[in-house]
Every structure is written in structure tokens, then in C-alpha cells.
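Below are structures written as C-alpha cells.
Presented sequentially are two complexes of chain A, the first with chain B as partner and the second with chain C.
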Partner chain A sequence: MTGTLEVVVVGAMQLVAVFALAPLLTGIMRKVKARTQKRIGASVLQPYYELSKLWAKDEVVSDHASWIFRSTPWIVAIATITAALFIPVFVPFSPFTSAGDVLLVIGLLALARFFTMLAGIDTGSAFGGIGTSREMMMSSLIEPGLFLTIFVVSLTLGGTDLTSLVGAAAAKFGVVIAPSMLFGLIAFFIIILAETGRLPFDNPATHLELTMVHEAMVLEYSGRSLALIEWSQAAKQLILLGLLANLFLPLGMPTSSAAGLLPLGLGSLAALAKVVLLSAIVAYAETRVAKWRVFRVADLLTVAIASAMVGMIFFYLQ
Partner chain B sequence: MQVPLPTLLTLTAVALLLSTFGVVVRRGFAGWLSAYRYQSVILAGSAAVIAYETGFWEIYVAAVLTLVVKAVIIPRLLVRVTESVRDEFKIEANPFVSIRLSLLISALLVALSYGLIRETLSSASLGVFAVAYLPVSLSLFFIGLFVMVSRRMALNQVVGLLVIENGLFLFTTALTQGVSLIIEVGILADILVGVMISALLLLRMSQTFDSFDIASLENLKDD
Partner chain C sequence: MLLFFAGTLLPLVFRDPRRETVASFVPAAVSSLLTVALSAWVLLSGSVLRLSSPVVQALPWMSLSFFVDGTSAFFMLIIGLVSTSVSVYSLGYTGYYAGKHGIRTLGSLLNLFVLSMVLVTATNNAFSFLLFWELMSLASFLLVVYEHEKESNLRAGIIYLVMTHIGTAFITAAFLMLYSQTGSLSFDSFRSAAGQLAPYTKDLVFVLALVGFGTKAGLVPMHVWLPRAHPSAPSNVSALMSGVMLKVGIYGLVRVTLDFVVPNSPGDAWLGLLMVVAGSSSALIGVLYASVEHDIKRALAYHSVENIGIIVLGLGLSVVFMSFGLEALAALALLASMYHSLNHAVFKGLLFMGAGSVVMGTGTADMNQMGGLSKRMPWTSLFFLVGSIAIAGLPPLNGFVSEWLTMQALLSSYQVPNVVLQLSIGFASIAFALTVGLAVATFVKLFGITFLARPRSKAAEEAAEAPRAMLVGMTLAGSLCVVLGVLPFVATSAVASAFGFDMGLVSSYTPFGPLTVGYAANGLRSVSSLSMPTVLVLIGSAGAALLGFAAVASSGRKTLTRRYTTWEGAFGALDERTEYTATSLSQPLRTVFKSFFRPHTSVDREYFSESNHLVKKSVTVTSESREVFEDQFYSPSLHAFVAVLDRVRRIQTGKVNSYLLYIMIVTIALMVLVVVQP
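The block that comes next holds the complex of A and B.
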């Protein structure tokens, strides 16, 4: 497992796995949420049915829409696919580690978000404008928090290159307990909730409500474009949860790609189990809170920023 | 599974700081009290860790007393006394320093206390508990003081005082493995009576002035 070709093949398999399993993860989250609310809920495979239905449907595009509106779903999907190539989710290395590090991944996700925001205002619908302005406010607070968290992780584990970060985390075995990492974990968890649009930041179950954020931006999309956007959103969720699991709870992950096929396979199963567990925790936490007022959301993001700041302080003072 | 001592100390220190952030970030009286309750439970836990490692039974008693008085009696007492107070007085609607800014300032205060402890005391002369808990107790002290001066609502002042007291308890326990039990009991009784008196004062304030806003206290001056 040391040759370049094998690494790239495994990376491509991981990419396929991420996109194949992402709707399932969404389905599991919805199911957990339904069960904790004493509903039976749709089957965990429901997101697949929805995606295939949307994929087959015709698309309606407003006459006022420009090329930005038409190309945004593809840009979002391609940015997410590229980001998935750089992030170790199921294996402890990223196949293109020499080409880019964690900052590139943040940049790609920001690119996807930027084009989603542009598309939201492109058609000139009022809902798109609301969603875009809220998303801009939130992302201006998410970005510093995310960067501070990444700095905490990079300082503690050494480097910004994801392969060495995950390897260093896995070398500590079990759970990384440094005070800086604990604060980083809290900040990263809050940021994942914000980034994937979960409660209390945004309600992923709403449609046509005045409180929606992400749904408001993509309200004008239908058919195949909507399928692409939803699929990318689900994949982004899986990628970020996998990154959280690999950086902060690296239990069972082999330290490098040279570990042999069996440990690697077990490691990816462990990663899958951790991601499912994390998503169940997120879904359970969602039933405990209500959607917050938009201007209170900044408080929670400030908690993330402050927590990452304290993590940084702990790193330098230890 | 045997958890190593430094890990345990780190975990409790982080949990204490987080619960202090909870006091800073919550806007309502119920929120402050629940954050304070969590803090007291964790404080009792860290005192129990110190007691277990040093073997002093007095610290066990102090931990149990902390748990009973600070996590059960004081929050209940405050809730009971303020039952008749109108709900709008129990939320911090318009603090002197905004909640987001005060959270960032609290993070800087944590940095300040870690820096101060590191500059003034050499860690070689301190015990393992002092190294872990002294900066945390100092940050509890600073953040409690900051909450007291930066908020308008008088109920917040009481909570700030309680946070400061928690910091002091942690300070003595971590530095000297606890003062003698009789003093510990005395301090707890003192706090209990202090909270009672301040709660009654608050009640009178709300009845007489129909407000908890300490900024309006300045209007009473003769000028």
C-alpha cells in the first residue's frame, strides 16, 4: 500500500464511498430524529429515492436567471468532489496530499458556499435574498472560527497537511486528550452544526418558512440541479463528520497507509461506525433545541471562536 | 480502566472553564443558575479527585458539602426567593458589554490568568494540583468579577459573586490541599447566608423600585 497508484485507487474508492453513503447518513439522521420524537419516520433509504426522483424530473429555470444560476449546482458538486479527494474519511491518508492541505479544503467549501449565495440572489426572488444575507452573516463568523480551530489542530498535531495530521492523531491512540484539542473539538462541533445547517442554526426539515437559511437559497432549484445540490450537501456533512472523527477521536484508525490491508479495512469500518454514531448524536441534539433567532446564532458561533481561542492559549501555555 | 491523573485534572479544568463560559453566555436567570450548578458539581468532583490523591478525608467532606450547598441548596433558594419577581427582570436584555464581546473578553481573561500564574510562580515548586487548577481558579475569579461589573441586572451580580467564591474554593483546595474543615464549613455557611441576604435585598429592590437595573441606582444620588 505504498505505491502511488494504489494510494490514488484507494482515494478514488473512498470518494465513491463518500458519495454513495452520504444520502444514507442523511437518512439515518432523519430516522434517529423521527424516533426520538416518537414518530416512525421514513425509511433510511428515503434520500436515495428522493435523489433518483429529482434526477429524473424536468428542470424549471426562471427567465431572469443568468449562467451563475445554471452552473452553480455543478460548481458546488465539483468543489465538494475535489474536497472529498483531499480529506481522509475512511482511510488515514489523503490521496493527493502533495497537491493541497486543509486550507485548500476550507477554500473549496467556501467556493461552494459563495456560488450558492450568488445563485440565491441571482433569480431576484425575495426568499433567496433573505437566505443569502443570513448565510453571509453566519459564514463571516463561521470562517474565523473554522480557521482558529484548524490552527489549534495544526499546532497541536503539527502541520496543515491532512495525511500527517490524521497520522499524528492516530499515533496517540484512542482519544486525543490535550486541553487545546478538547477546546478545538467543541469549536469544531459547533462549526459543523453551522456549516451543515443543522438546528439551532438552520432547520433542515423546513420548506417555505421564514426562518430557513440554506433552503431559502436553493428554493428556486428543481430537478437535477436540486439533486446535485442536496447530494453535495449530504456529502459535505459526511466529510466534515469524518474529519471530526479522524482528528479528535482516532480510535481504531491505523497510523499510516503502510499498515496493510486488514488494519486499513478495520479502520474504515471503525470510521464508518464513528461517523454514524456522531450523526446520531447530532440528530439527537437537534431534538433537544429549537431554531434560534437569527441574531442569537452569532452568540453560539462566538462560543466556537472563544473556545478555539482558549484552545490556542492552552497550546502555548502548556 | 485507569485514567491517568494529569488527564483527569485536564478534563476537570476544561469542564470548569466551559461551565464558566456558560454563565457568561446565557441570557436568563435559569440559564445562569444551571451553568452555576454544573460548575459546582464539577468543582465537587475535582475536590474529590484531590481528596482521593492526597488521602485527606476533610477534603471529601468539603466536596460533599460543596455538592449539597452549592449545587442543590443555593440554586433552589435563589429560585424560591425570586419566584415572585417578574420574568422580564430575570433576563439580561441590555448589558454594559455585549454578550459576544464579554465571551471573547472571558477567553482573554483565561489567557491572562494562565500567563500570570506562569510568570509569578515557578511550576517546579507547586504540586500537580496547583499547576492544573490555580490558573483555572484565577480565571473563575476574573470572569466572575467581569460578569459582576459588566451586567445590569442585579441577579447577575449574585451569580458573579458565586462564581468568584467557587474560584476561591478551588484556589485554597488546589494550593494547600484545603484549609481546616471548620473554616470550610464557616465559609459555606457564610456564602449561604450571604446569598439569602442578597436574595432578600433583591426582592425588596424589585418591590420598591420595580426594577433590577443597577444602572438606575445612580439616580438615587443627591445632586
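The block that comes next holds the complex of A and C.
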């Protein structure tokens, strides 16, 4: 897989797969959640119906809002698409590895968050303000947590290049063995919960001003803009879960792209299965915890940072 | 060369009272451009010759010698680039002062300021270095107190003056130490003696220089002057002070560290660690204060503390790697540090210019009075957004690239063969990561509260766009942000030829090739790379793909976009009082980091009648967080100092006979000393 054409084709296919499957993952999570709450729940395809409904709807834009508000959904979507090009979700290599690494992916996701926060302020509504205010506090702790997790992972697996990270993870027997990776995993799991706006950080299912964070920032969006934002959010969730699966639980993933078509195909299926399993775990965990008070959330994020730190100490001392 | 000096000196002589502005700032712009040209010439020829090409010019009437090697040229490039755009900006900005203050003074002082900074970087002699250094400090002091009718400005100026002289004292001490070792004040002799310094002298010189230059650069805890002086100065001066003068402090540090105190043995690693600690704590403390600040210029000043911290962190890593002979990594860390210096000069200059436009447009620097300016000042807001994205370290602009390099340097610390150092650098990377996260949040606040939503005051409602010259100045700096972000090879090759290291270690030679950092340990081997041009192409194609998808998906169904007021929760009209302000936006941050800020909140309630406390006339909430360093370090030491001086004053009784007694005591003491000494 060295030819430019193949790289572009694989990257594009993975991108399409990520965006096509992301709403399904959200649907599965909702279904799992409903089932554990003894409800039947909507069909797993419900997010697709919602997206297509929103896409066809008219939009309302606040007359206080500037061009930032109107362009944010597009910027968020473009940043997420670009990030998806770099992340190995279904294949054991990053399609555009020579152009960027995992730090670039973090940067792109941060860019998306930056504009989402600005859009929250832009309408002049107090709801947007409260969302942005809380997100500012949380993101200023999520970002270091993510950085430090990556720090631990790259110390243990070598470098920040995604292809070699995933390859090294796959070569190491398929499960986490190093203690540093174990602590990294704890940190990364907490960070993913926070980053994708899951309980106990944020509740994706409410519109109650006391509890919402991400929903408050995007409260003023409607129609196609809302569809873009929700779709990007779902894709981000899939990307991060896929990264967790490939870095920490690389069971079934071939070590390199030279493994042949059958192992690669099996690897993709295994990745999909792991991501679905992980999302089910996240959804199940959501029914077991309540939303935390906003200021306690900082403690949990600090746990993630400390855990990554312990992982780093383990790496240096072993 | 002569033309260049003439160009810088010209506006000092040439003062036309009628066309003051043009007379001051056009020569400034031209001479700054010449500075850029000169430094580019040195850098380019240096890279061809692969050695530093000295350009010595000894003026016959004074023992001044100038020496422009790669290091000087690189910092001259920074000075030139920023002062070019600031000079253009100033052409419009002086309109703000027209009729109130003498523009002639501002113009000639500004020229003197830039000239002295160029001379500081070009000089090759400790004596003249200190001379120009003083000139620079005094010129900037006069500029800080330019709006002298405000008492707070005078206070800021005095604090700045005191702090900068404490710094100068340390620098002088460092140079005197070197002089005692070499017997000459020339930098050449310092350089040639670099290897043979006595170990303790070396450490002492380094620490003195770190404190001295750190004061100028604004390292914690010597930063106290910075958040006062920058907001007091006119905005074009703030842009120069923050963007450039702090870099002159960094220049001094680089010069002393790499040329005079050459770290070459593992015993020198603690010097680097000292810088890493100072840098990372400056970065974190700076950004924490910035995140809760509601004065736009003060917040930017605190951000300078943060960015200087990141620069010194990179420099410290470089010293650590150098001490262990890890040359490739030292080059990487130095590249990160110097790249960030260049970037910070450009985007901080841009942001201060943007803040200046806002202050000019609204007449206030308090963000709680702003809002909605993106409609009234569209261009300023666009440039400020560019600066914000760049300084927050987000792709695809320049801040991201230098922070990527810093991160890679931090990650490479596994190669340092010392567990204590590895762990310390690990802790520094926590501080760095927190800094990056908080910087994003802070700039959401700075940009969002200033430019978005609806105006919070009458002044913000009636703000007008800045004059064209100011926009042109900001365009120059803004496009530099984009160029340095998208084409990193421009900066990397400049740094590589300035410091004479092999670029192949960290980057490829091809102009559009990626930056690469290798990893090899524990049997693992990989190369991390970052190619900003490719990333830009990918972002572009992602955008094209999205637009194409949107066009296809919505073909046949036409959706409408309606403009309507913001949803108000059915409570009636929203107004500016229901909006979030800068203070309320950062309230969660203040709460989370309350052990650091120690916020003090007091609530004043006023009642209509004392018997009924349920009906309130007004409620005033004041919340302030205090500067830990001023409270805990500076005020106690200042009080102690004053107390000691009070004691000393008692010996001045004013009586002649007691003075005669003192003279006698001293004479006897001297005689005893002479007798006792062999």
C-alpha cells in the first residue's frame, strides 16, 4: 500500500465507512441504553431518519449571529472529515501518515471544538453562554488529558506516527500488557467519555439548562446545520472509539498493511465488532451513573490526567 | 549597512511638525524593511557558506563593533518583520492621539526603540550591549508612560523601570563575571573562552543571565511588570514590546547560553532543567491568569508570559539534550523554541494591533463592555480570529507547527539517560499540555466576548472600523501567520541557517516536504511527520467533498434560511444584561483552579428599608483574584527592604559630631584591616 492512488482510495473508503456507520453506532448506543432501562427504544436506524429529516428542514438563524455561527457547522464537519482521513479505524495504517500524526488529529478536533464554543457565544443567548463556559472549563482539562495519554502511548509504542503506533500495538500480542498502557487506557476511556459528551460529564439526551453542555452550545442550530453538527459528533465518537480499540485492544488486527486482503478484511470486521462492543459498554455504563455536578467533573478529568501521569512514571521506572 | 543605519536614524533628525505621522512612521517602515532585507541576506548567504558570516563595522570614533551572525540576524528578522507591520499600522493609529498628545514624541521614541533593539542584537561588545540595552529600556519606559495623565500608567511605568533595572543589574553582573575570566569585554573573547570557564563561574553566569534576561522576557516570577506595562502603553507600542522586546530578552539568553556558557557535559543538565522548570511554570501561570482576565490587553500580556514560557521550555530542553551530547534532539528543541519565538512575535504583534483597533473603536479595554464588534469591525475581527487560532496552537496556522515541534521535543526526552530528568521533563509536559488546553479556552473568551453576540455597551454599539493603514499593518502580520503555518520550511530553513545546524536531522530539505522526527528505542522505530501543505490540500478536498455531498443530497429539495431573534425561553426579550460576560464565562475555570486564584468575592446588598431584607434595592458583587507573586513575594520583600532602609537611615542623624565619630570608626577599622592582613 505505498502507491498514492491506493492510499487515496483506502482513505476515501474508510472516510465513507466512518461517516456511514457513525449514526448507526449512535443508534446502537441508544438501543442498549433503552434496553438496560427496560424500555424497547427506537430502532437503531433512528439517527439516520433524524439526520435526513433535519437535512430537509428549513433553518432559523439568529439575527444577532455573525458569520461565525453560520460557518461553524461546516468548519466542524471539515475538521472532522480531515481528522478521519488520518485515523486508522478499520485498517491497520493511517492513510495519510506522511502528512500528519496523532497530534494533528488532536489539533483538528480542538479546532472543531474552538469554533463550536465560539458559536455558542455568538447568538447572545445565555444558554449558549453557559454551554461555552462549561465547555471551556472541561476542554481545558480534556485536552491535556488527551495529550498526556498520547504521550504515554507514544512512549510505550514509539513515536506519534499513527501507522507505526497501531502496528506496534498489534505486534504486541493483541492486548494491553505494559502497565503504562493500562493506565493510559483508563485515562483514554475517561477522556473519550468527556470528549463525546457522555454521562457523567454531559447528558446527550437532555435539554435541561442545569445539565447540558454540548447541547447548550448548539441549542440555536436547526435544519441542515444541526444535521452537520450531529453527524460530525457521531463520527468523532466512532473515530475515538476506533482509536482506543486499535491502540489498546488490537486483537485481530494485522500488524501491517502487507498482510494480504483476507487478514485485512477480517481486521476491519474485528475493528467494527470491537467498536460496537465498546459503544455498548459506554452506553451501559451511562445507565449506571448519574450526571455529576459540573464542578465535580473536573475531579474526574484530573483522575484521567493523574492516571496518564502514573502510566508515564511506570514507563520510565520499569 | 550604512543605508540601513541612516534609515533608522533619519526620523530622529527629521521632524516635520505638520506631517508628523508620515515623517515618523514611513522611515520606520522603510528601515524595518531594510532590517528584514539585511537579516535575510545574512541568513541566506550563511546558509550558502555554511558558516556564520560576520559583518563587522567598526566606527572609528568609538569602540563599537557590530557583528551580525546567524543568531543576531534571526532576531533582527523578528524585529524587522514585526516593526514593519507595526509602523504601517501606526500611520493610522496615531489618529487616536491626534490633538491629545504629541505624535512627534511617540514617533521619534518608537523609532529610537526599534533602533536600540536592532543595535542590541547587532553589537559585539558587553559595554555597548549594556548601553543599547539601557537605551531600549528607557525608550520603552517613556513609551509606557506616554499617556501620562493616567495615574495607573505612571505606576505601571515605575514598576517597569524598577524591574528592568533589577534585570540589568543581573546582566551586568553576568558580564562582569565573564570579564573577570577573560579580561576583555568583547563578545569574541567571551566566545573563545567558552570552553575553559571554571565550573562554578559557568553556572553562576548562567543563573545571573537567566534572571537578568528572564526579567526582560517576562519569566515567572519576574513577570510582574509585564501585565501592567503592556496595557498602559499605546497599542502599537504594546505590539512592539510584546512581540519584539521580549524576544530581545530571549536573544540575550540564547547568546549567553549557546555562545558563552556552552553546555557540554552531563553536569550542565541542571541548567537546562532550571530553564525547563522556569519555562513550564511561566507558561502555566501566565495562561491561568490570562484565562480569568477581562481587560483585553492585560489578557494578551499574560499570554506573552505564557508564550515566553513555551520558548524558554524549548530552549531548556535544548540545553538538556546538548549536555548529554544529543545533538539532533538539541537541534529539534532549539528549532521548536526559535520557531515559536518567530511565531509569537508575529501573532502577538497582530493580536495587540487588533486590540488597539478595538480600543480605538470603543474607547475601552474592558471586554465586559464589548461585544458584537464582528459586524461593526469585520476586518479587525477577521485578523483577530487569525491571531487567536494561531496563538491557540490550532491547525493549520503557525502556532500549531511550533507547538507540534515542542511536543516532539518533550516526547524525545526518553533518550536522556537519567530517570530523574526524564520524570521532571514529564511533569513539564503536563504543564505544557494544560497550557495548550487553557490557551484554547482563553481565546474562545477573548474573541467570543469581544467580537461576537450583541453589544454590551453604547460604545460597542457605535464602534467604527479601523482606518485603512491599520488594516494593512494587520494584513501583513496576519498573512505572515498563514505563511509560517502552511509553509514551515520558510521558518525552519531560517532557523537552521541562523544556528548552523544540519536541517536533515529534523526536517527534509525539499520546500514542501514534511517535518520529520525520528523515534528509535526499545526495538521500535518510526518517523513522525507533519506536512502542512498536504494537510491544507486534504482540508481543501474535505471541504470540496462536503460541498459536493451537500449539493447532491439536497438536489431537488430547496431549504430556506430564516433570520429571527434568538430563542429567549418565552421569558420576553433578551438584552445585553442576560448575556454572558468575560467574567461569567471564566467563572467555572476560576472555581476549578480556586486554590491557585484564591478568588475573593464580596457581595454588597442595599435594601429599601432596614426592616425588610427581602426587597433589595441593588446587589453588587465584586470578585477579584489577586496576583500570588505580588502578594506573597514582592510586597513582603519590598516591605522588608524599606524596613532595613529605615534602620539604616537612623545613622544619618544630621549632627556633625556623630559623623566625625563614624569617620573615626571607619579609619580605625581600616587601620586594623591593614595591620591584620599580611
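As a convention for this text, the second predicted complex is superposed on the first by the 314 of 318 C-alpha atoms of A that agree within 3 Å, B and C clash if a C-alpha of one lies under 4 Å from a C-alpha of the other, contacts with A are read in each partner's own complex, and residues count from 1 in each chain.
Quick note on the criterion: a residue touches a chain if its C-beta (ideal position, glycine included) is under 8 Å from a C-beta of that chain, and two chains touch if they have at least 3 such contacts.
Note that the structure is predicted; figures quoted are calculated from it, not measured.
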Side-by-side fit of chain B and chain C on chain A, or clash: fit
Residue contacts with chain A in the superposition, chain B compared against chain C: C
Which superposed partner A:I186 touches (first chain B, second chain C, both, neither): first
First, second, both or neither for A:F147, with chain B first and chain C second: second
Contacts of A:I313 with chain B and chain C, given as first, second, both or neither: both
Touched partner set for A:A56, first chain B, second chain C, both or neither: second
First (chain B), second (chain C), both or neither touched by A:K31: neither
Partner chain(s) touched by A:V303 [first = chain B, second = chain C, both, neither]: first
Minimum Cα separation, chain C to chain B, after superposition on A (Å): 8
Chain B/chain C common contact set on chain A: 298, 305, 309, 313, 317
Chain A contact footprint on chain C (complex, rising order): 291, 371-372, 374-375, 381, 385, 389, 392-395, 400, 404, 407-408, 410-411, 414, 419, 422-423, 426-427, 429-430, 433-434, 436-438, 440-441, 443-445, 447-449, 451-454, 514, 517-522, 524-531, 534-535, 538-539, 542-543, 545-546, 550, 553-554, 557, 559-569, 574, 576, 578-580, 584-589, 591-592
Contact set on chain A toward chain B in their complex: 177-179, 182-183, 186, 298-299, 302-303, 305-307, 309-310, 313-314, 317
Footprint of chain A on chain B - complex, ascending: 7, 10-11, 13-14, 17-18, 21, 25, 99-100, 103-104, 106-108, 110-111, 114-115, 118, 135
Of all residues in chain A, those that touch chain C in their complex: 55-68, 74, 77-79, 81-82, 85, 96-101, 103-104, 107-108, 110-111, 113-114, 117-118, 121-130, 132-134, 136-137, 139-145, 147-148, 151, 154-155, 157-161, 163-165, 168, 219-220, 223-224, 294-295, 298, 305, 309, 312-313, 316-317
